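Down below are the structures I want you to see.
In the two assemblies presented below, chain A is common to both, partnered first by chain B and then by chain C.
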Partner chain A sequence: MDNFSILSKTINGIVIFMPKGYVNDLGAENLEHACEEFLSKEMKKVVINFSEIQYINSIGASIFTGIVQKIAEHDGMLCFTNMKKVHSDVFEMLGITRHVKVFKEEKDAVNFLKESD
Partner chain B sequence: MVEKRDITRLIFSISSLADLGQEVTSTKSFNERMKTALYVITGMFSVPKAALLLYNSNQQRLELLTHKGFKDTTWSNIHVTAKHIKSFSKNEPYNLSKVKTNSFYNPNTEALEKFHTKTFIPLFAKDEFVGAICLGKRLSRPSYLRSEKNVLKVVANQIAITLHNSSLFRRLTNKVNENKKLYENMRHIYNDTIKAFAAAIDAKDVYTKNHSFRVAKYAVAIAMELGWKEKDVEAIYVAGLLHDIGKITIDRGVINKGEDLSVAELNEIKRHPQISYDILSKINFPWKDLVHFVKHHHERIDGRGYPDSLQGEELSDGVKILAIADAFDAMTTDRPYRKKLSLTEALHEVKKCLGTQFDSRISNVFFRVLQKEIKGETKEAQILPHLDKGFDPKVITTLLETITAELSA
Partner chain C sequence: MPLRALTEKEFFNRKEELAELYLRALETEKGNAQSLYISGPRGIGKTELLKQLFNHLFWGQDKIAPFYYSVNSAILSVQNFSRDYLTRFICQRLASEKKESALAYLEGLSMESLTAMLEERKAAWALEMLDRFSQSREPMDSLRIALNAPYQSILSTGMPVVVIIDEFQRLKHLNIEERPEPSLVSVFEMTLSSKKAPHIITGNQAEMQEMPVTGGLAKIDLQPLRIEDSTLLFSFLLDAYGLTMDLTQNALLNHLGGNPFYLRCIAKTAGLKKKSGEKDLWMAYVSEITGGSIYLYWTAVLKNFFPKLGIRRNVLEVINKVYHTGEPLTQQRISKAFSLSDKDTEIITGALYNAGFISGEFGVLKAPADRVLIDFVDCLYTREIQGRSYRDIEKQMLEKTSGAKGKGLSFEMTIPMMKDAELIAAQCIEQIGKNLHFNQEVTGQLQMAVIEACINAIEHSKGEERKIYLTVEFIDGILELSIESSGREFVSKESGEPFLGKEIKEGINRGWGITIMKNFADSVSFEKTERGTKVVMVKSVGISAKNSKEDSKSGG
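This part shows the complex of A and B:
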């Protein structure tokens, strides 16, 4: 848990998360809980910036799977940005990227979500 | 030709199996280990909703152990009969849409749907049904590839073994606790029986009501002050309760006669430690020294005691403790041949007999305990409650301080 932390900010009603470190244990569930909290406030446009994520294992994949599901249940929109190839390959293989928009840069995702109104 | 995605899948599967192995063998609590194991599976196969269920064989039902992705956890139970278990393939994933007409699915439709179950995996460790995994809809393709099914089977097998081991451990712990309770009950019965014996011994002598009980208490107080281990303290306690058991065989008239005992009668009374020993040595006590404490509680430091005229260091601490505890209670209670001594008189008497009847070191400990009890420095007083309340604590404390100072000099 010491190896994982989350920074978040909002731009024009868009929630941007920047998780940092290792997404490899139940401590990373905090990201899912943070998403739920914004969803409960009707903030349904979410960006997750992967640039500071070092490692994702199956437990981490499970947590992202949960986030995808929750945003879908709230008819929200989810974007992933700044993904390392190793992460995008795994997420593609798991079918997670079918349910999210993937962008190279955070600003691209923010622009996309702004325009989606 | 192997596709890049297949290699990614293979590496991810191997890495996830390693995660699973690490998690199920970690030092985390059982529930946390099982939750993490379920997260490994849901991550491996991108399943947002899943549940891990434990089989309750008494109730013949699956009960929720942990879950992922549900808010409402007021679950219905899934009923599993012996017939169902027989029909399950061990650790094989079932696509529920293909078995909707079978005897397991029909009565459990509501519960399985609450779990959003698309895939049901019955968990078996060896031949024992231990639980099940319910997997919801995947984010990727709805069905599982053959290779994925194989991985699921490996994962299921590992979780089943963990559940089984945990269940064995729980059963073992329950058995240990059960045995502990039985042991405690036996100990109570045992202690009550010994106390009953002590009461029977004391009932024989009209003057010595509760004598054995008090001797036991005094002996415990001294042994504890000496820092004896709990088991040894217990030995001296039981020795105190039973030290006069030999009196049971001596004529009541002789015991209660008091003065003017003939030599033959005196010798008869003096036989009681040996008779106590003969009776108690037939019992397999957990304390090997107990019978010796009892046999020699009338021995003296100067060798003029009975039955074996032991002296000095031939006497163990247990014997010395019992000797002073017994004599002190005799001094402070009425006897057929004299009135009881006051506490001051009794302490002077003990002091007078140091080095002849009583051991100085053990007597000093006895004085120290009494001092502590008078000052309220002990958790529970063992001696004081049984003495007459008419003494002046200041006078006794001064007397005890003087005696202990002399002994320490």
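This part shows the complex of A and C:
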């Protein structure tokens, strides 16, 4: 059984990803491809809910820079939510949190993105 | 300044020996004193005892003139030695009359300056001696004049002389025009038998025992300090650094075997670190034998006896064999074990015996009683022959000596390098964290760090043994995680830091693993090991409130 999976849903044009398990290079690339799919459909508001993420390795985390970059290229917005301290520390180390909005809860991110219209 | 000695306060626990030597020296006045040879292992305090004796005789009475001479390995041509010996004797002899310490300590005085000084002082006996020395043509004549100078001075002035010679064994290297003449030392036989100018000599025990000239001398064996005296000395030394500790039944002091040199070295290292816990003292000990003064001392001895680089590896192998075979060895067994010719074995074991690394003066070789020396050799062997790291040595020594491991918890796990193997290590850390009640955040950090270390291990062990060895040790709130695997190219030999592989340098996605490890652990080190490479991460671990309560319950 794979240690990684992604659930996604949309609320009012906002894409919410809920990755689960271990974010390594393959997991992060899956997430990147899923983002690209939605971006190609002009759905540019993205939330990644980390509540089900158990572990992230450095390769997986650094692939997030690609996700950030692609969303920025589409003039989109990216929010992270429900992050464990250790995961936000890793993204901080990699300088990724400078380019995303981080919220404690998913609903906070959704409200923020709704209001940003 | 050859005569600079410790102050009386610092000179511990040799009062009886000093008193005995002092009384024996005073016998010289009656003209029936006998020359003495002081025997004892390296570092036991022979030199200091002689210096103290000189100072006591110099300042404490005026019936006998003491003469102290330490044979210098740089002054061993007969001409130079004779000149140095004679000038120093004359200076010290004159100095003792009016207690002129500056004259006793005078260094590098030329013959001309000495002549001028003697003329000014109207020391006819010394001028005559110097004149005869200047006129001598043959090196042997010069040597005889120099060695007989104390006796001649007695005949001229009536003042008895006690000659004190340190590093006497070096005299076997006396040479004429750079041709070694070991038999020259036999010239001392006559002077050593003088009852009016007795000699008190010391030097390297093993070499001295092999010199026929010492055969007819009375011998005093200088014993190691008793444990209570070691304790007193060590407390005194720590006190100088503002440290105090209870040294009752201290295992380290026992281990040092009453050797004042070792005691001073350890006290200094511990004192400079301002730490005096029992474990700190052992840490100071390990630091000393792996790189401190004790290490420098013994490596200098080894290099002195084995100046050729090429032979030192064989030498270490031989010592290790002698120390750890568990029974005395003959030279034949050593030759066979290392495929050495009998001649080479004879050279190596002979030099090792003279250097004090092995004992057995009748050809059956065994380890010396000095446990510090054995530990030093073990460390050197581990590093130089087995190629293991300082950290391994330190750990091995601490386990061996202080039993620190028994006080903590240790987990070991071997993980095959399969897909996502790093998660097995991470899960293991999670369970350890739960069992030991670590803070969740700390556990998370350790998991991240261990994942990165495992990924590195997997990446750098291509084509070799496909296993990761995870060890977790928890002692006194400190967690040490080590992840070991095959794959030697990972760590730079020079810097001890990991190499960044091509894919790491070029890819934007790699290279963060080490940053993460370093951010989430208090210290990270990369070591080469017998197996390959080991990453060691140490972290001070906060224990949750729940655990503290449980601890206090069980404690109360």
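Here is the rule we use: the second predicted complex is superposed on the first by the 114 of 117 C-alpha atoms of A that agree within 3 Å, B and C clash if a C-alpha of one lies under 4 Å from a C-alpha of the other, contacts with A are read in each partner's own complex, and residues count from 1 in each chain.
Here is the rule we go by: a contact is a pair of C-beta atoms (placed from the backbone, for glycine too) under 8 Å apart; a residue touches a chain by one contact, two chains touch by 3 or more.
Computed from a prediction, not measured in an experiment: that's the story for all the values here.
Novice: Are chain B and chain C a fit on chain A, or do they clash, once the structures share the same frame?
Specialist: Clash - chain B and chain C, as placed by superposing on chain A, overlap.
Novice: Does chain B (first) or chain C (second) touch A:R98, or do both, or does neither?
Specialist: first
Novice: Using the touch definition from the top, say if A:N3 reaches chain B (first), chain C (second), both or neither.
Specialist: The answer is second: A:N3 touches chain C but not chain B.
Novice: What is the contact status of A:I63 with respect to chain B (first) and chain C (second): first, second, both, or neither?
Specialist: Both chain B and chain C are touched by A:I63.
Novice: In the overlaid three-chain picture, which partner chain does A:D108 touch, first (chain B) or second (chain C), both, or neither?
Specialist: After superposition on chain A, A:D108 lies in contact with neither partner.
Novice: Once the structures are superposed on A, label A:V90 by its partner contacts, choosing first (chain B), second (chain C), both or neither.
Specialist: A:V90 sits against chain B and chain C alike.
Novice: Is A:D25 touching the first partner chain B, the second partner chain C, both, or neither of them?
Specialist: After superposing on A, A:D25 lies in contact with both chain B and chain C.
Novice: With both structures aligned on chain A, tell me which stretch of chain C collides with chain B: 116-124, 134-142 or 512-520.
Specialist: 512-520
Novice: Both chain B and chain C touch chain A; at which residues?
Specialist: The answer is residues 24-25, 57-59, 61-63, 65, 89-90, 93-94 of chain A.
Novice: Enumerate the contact residues on chain B facing chain A in the complex.
Specialist: 4-5, 8-9, 12, 15-16, 19-20, 32, 35-36, 39-49, 68-69, 138-141
Novice: So in the complex, the part of chain C that touches chain A is made up of which residues?
Specialist: 420, 422-423, 426, 441, 444-445, 447-448, 451-452, 455, 508-510, 512-513, 515-516, 519-520
Novice: Which of the residues in chain A end up touching chain C in this complex?
Specialist: Spelled out, the residues of chain A in touch with chain C are 3, 22, 24-25, 55-59, 61-63, 65, 84-86, 89-90, 93-94.
Novice: For a test of understanding, state which residues of chain A touch chain B in their complex under the given definition.
Specialist: On the chain A side, the touching residues are 24-26, 57-63, 65-66, 68-69, 89-90, 92-96, 98-99.
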